[in-house]
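Per-chain residue numbering starts at 1, and chain names A, B, C, D, E, F, G, H, I, J, K and L are given in the order in which the chains are listed.
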């Protein structure tokens, strides 16, 4: 196995529908500018309430992606 | 911006259907007696098991609501 | 109330569909070999990403089950 | 199972005799004004010292109680 | 020493001036409706940013107050 | 000193009398099926309340025991 | 509400004057290269001591900023 | 109120009888060489097991004591 | 990807030589009775001291292994 | 760089004016009896309330200082 | 002392040889694209197991580096 | 077993060679002035970086030692 190095960043995503959907939104957005995203971990699940109802769910994720040899950090 | 103060309480809700539904139940119940609920944060996700299946999901939430000027605490 | 004792183990389950489904998979598998599973608590929610999309969700659970009198540990 | 909601509050009790007694004092006092107290969890055990001896034990508890349908929060 | 019981609640206060001022605002507001507030502990220090400057500081406090004999909880 | 290996499991015990008694019950039960139990650490102290009184105390313990050479895990 | 995504980074700032000033310095520097900084949270407060006096205060902040549609990560 | 300073140290005590007794032993020993011990907080509760029984309870305490003006640290 | 389930157990290993060697000892022992061990995580690094020197290093690991379809738990 | 060793102790200081002032008081007092104090980290920020106002702020600090070759511990 | 600001990022490195080597790999790779790396802190030590042996060690580090005046973030 | 009491202090050691060596340095230095050091636990592993390489490793340890009957604290 090559001795690779990866970076971990923190992103937050939200959705009016579900917590899983908020995760998918955050992963999709992070993958638009980062190649090689490999995994995520949920570090916080929150949400906003309006008129007594959940207006949207929000998750904070740690996201890991492989550092390619020529990548800036 | 006025220098407002809000309170944070802990509530638990449950649902036979999903964790998101347990969140919605807890938020809706808290909003019945508290005006001005603004946000929630999930602090625990649990559940009960019967006959090898998830019988219901249960979440513990921190819920924040604005203290109005004439509100008792 | 009898003074019963229960054990707590850690299991991880995954699902391509949802976090709730990953929970159900882990609980169902643990219940195949353990009688008397009573509850679970989610201690970690993670997932793998392929081609910019969530490939599967993964949860780590603490699972509690009653120790029967004649059970080995 | 009905989809009930409960609240969790934090109380501290003390006793000159023992930590268990401090727990009992806190639970008894919380139950004077709250119906339906169901469980507690110890989150801190402390105490005061006078003349080189433990003057009293003090515990901080999370206490959970069911929200009845007509209860204010 | 009498075996008194106290409660602990969570409040958040904010200030455009300083974190200490946000603490004072939260303590003053909590003391308007609660007699016998005795201490606080800072559990979170946050703030909002507008146009690259701190617009206000915000603190979350645990606040402890003695339960009087005839107090509702 | 030989380079031995031990395992750590989580068990919960309860008692109507005291937290120390709940610890003793959990340790005694774990020792019925595990030889070589050496130590415990309390990771949670909880209890159930009925009619405003502590109905029983419950502790969750980490329990360590030496793995003998021929033991299954 | 649009389903926006934001990122969270960690920065440390220092000041010879006060902890609040250290926060302001870190926020101002982060805002020089990041548009749309919205909030911060203090995760550590430290400082250096020289000749028995506080030489400077240092804070570590989490800082959140909105990811614009065309931003690289 | 004078602006006093106190120190906090960590001590561990044990007892064959009970956790409360282990606390008392640690406090009494710390008070033999430190004047002005004022409080303690339990940070860990452990114990040793011999022949399937609790051989002794052990607690780790944080202990606070006032620094007198002429005290070495 | 099949929706597999794995278990996580806690083991401790020791070595007179190094922390890495203590890790290897614990992993090797766990693998003697568990097929399909896939990963470990270090949760504690400790050691014993004799005559002012480190007598042995000790690590506590979480160890994950795949549950095969016919495995008892 | 020489391979130096330093110690870390815990001290608490208070001030009627501000949290920064409480830090300075604790650092100054620790430096009266300890040479070579190099840094501090705030581990708790608390305070006492009298008549609905903050009577004094209190901080608990970890304080690091270099062990000189001839120092007792 | 100038009032400098630094950033903290999270990187993971691995090595077939040792945990120290995994640290060195991660630090070397981060330093390829970041000037002014000053320190690291280990936040997780893990590894993969193949055929009952440690196949490689993996560490997650927080890495701090000074923000130069003209650096993008 | 006699009901002995021990103290726990925090020390940091460093080494240009390895983390294990940093541990040994800290233990050896603590043992120069403290008789009866019995164990250590690693609570932090850090290091400094110069010119893109690890200049030295640094560990923070909790160190436990038995309080002898006539020892000052």
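What we mean here is this: a residue touches a chain if its C-beta (ideal position, glycine included) is under 8 Å from a C-beta of that chain, and two chains touch if they have at least 3 such contacts.
The model shown is predicted, which means the values in this text are computed figures rather than measured ones.
Under the contact definition stated at the top, the chains bordering both subunit I and subunit J are L. The pair J-L is the one among K-L, J-L or D-F whose contacts match those of F-I for more than half of the residue pairs.
Centre-to-centre separation of subunit E and subunit I, using mean CA positions: 45 Å.
Centre-to-centre spacing of subunit B and subunit J amounts to 39 Å, using the average Cα coordinate of each chain.
Put simply, the C-alpha centre of subunit B and that of subunit F have 33 angstrom between them. Counting partners per residue, subunit H has 9, 19 as the residues that reach two or more other chains. Which chains touch which is summed up as A-B, A-C, A-G, A-K, B-C, B-D, B-E, C-F, C-I, D-E, D-F, D-H, E-G, E-J, F-H, F-I, G-J, G-K, H-J, H-L, I-K, I-L, J-L, K-L. Of all residues in subunit G, only 1, 3-9, 62, 64, 67, 71-73 touch subunit A in the complex they form.
For subunit E in complex with subunit J, the touching residues are 19-20, 23-24, 27-28, 31-32, 37-42, 63. Interface of subunit F with subunit C (complex): residues 9-16, 22, 25-26, 29-30, 33-34, 55-56, 60.
On subunit A, the positions that touch subunit B within their shared complex are 18-19, 44-49, 52-54, 57.
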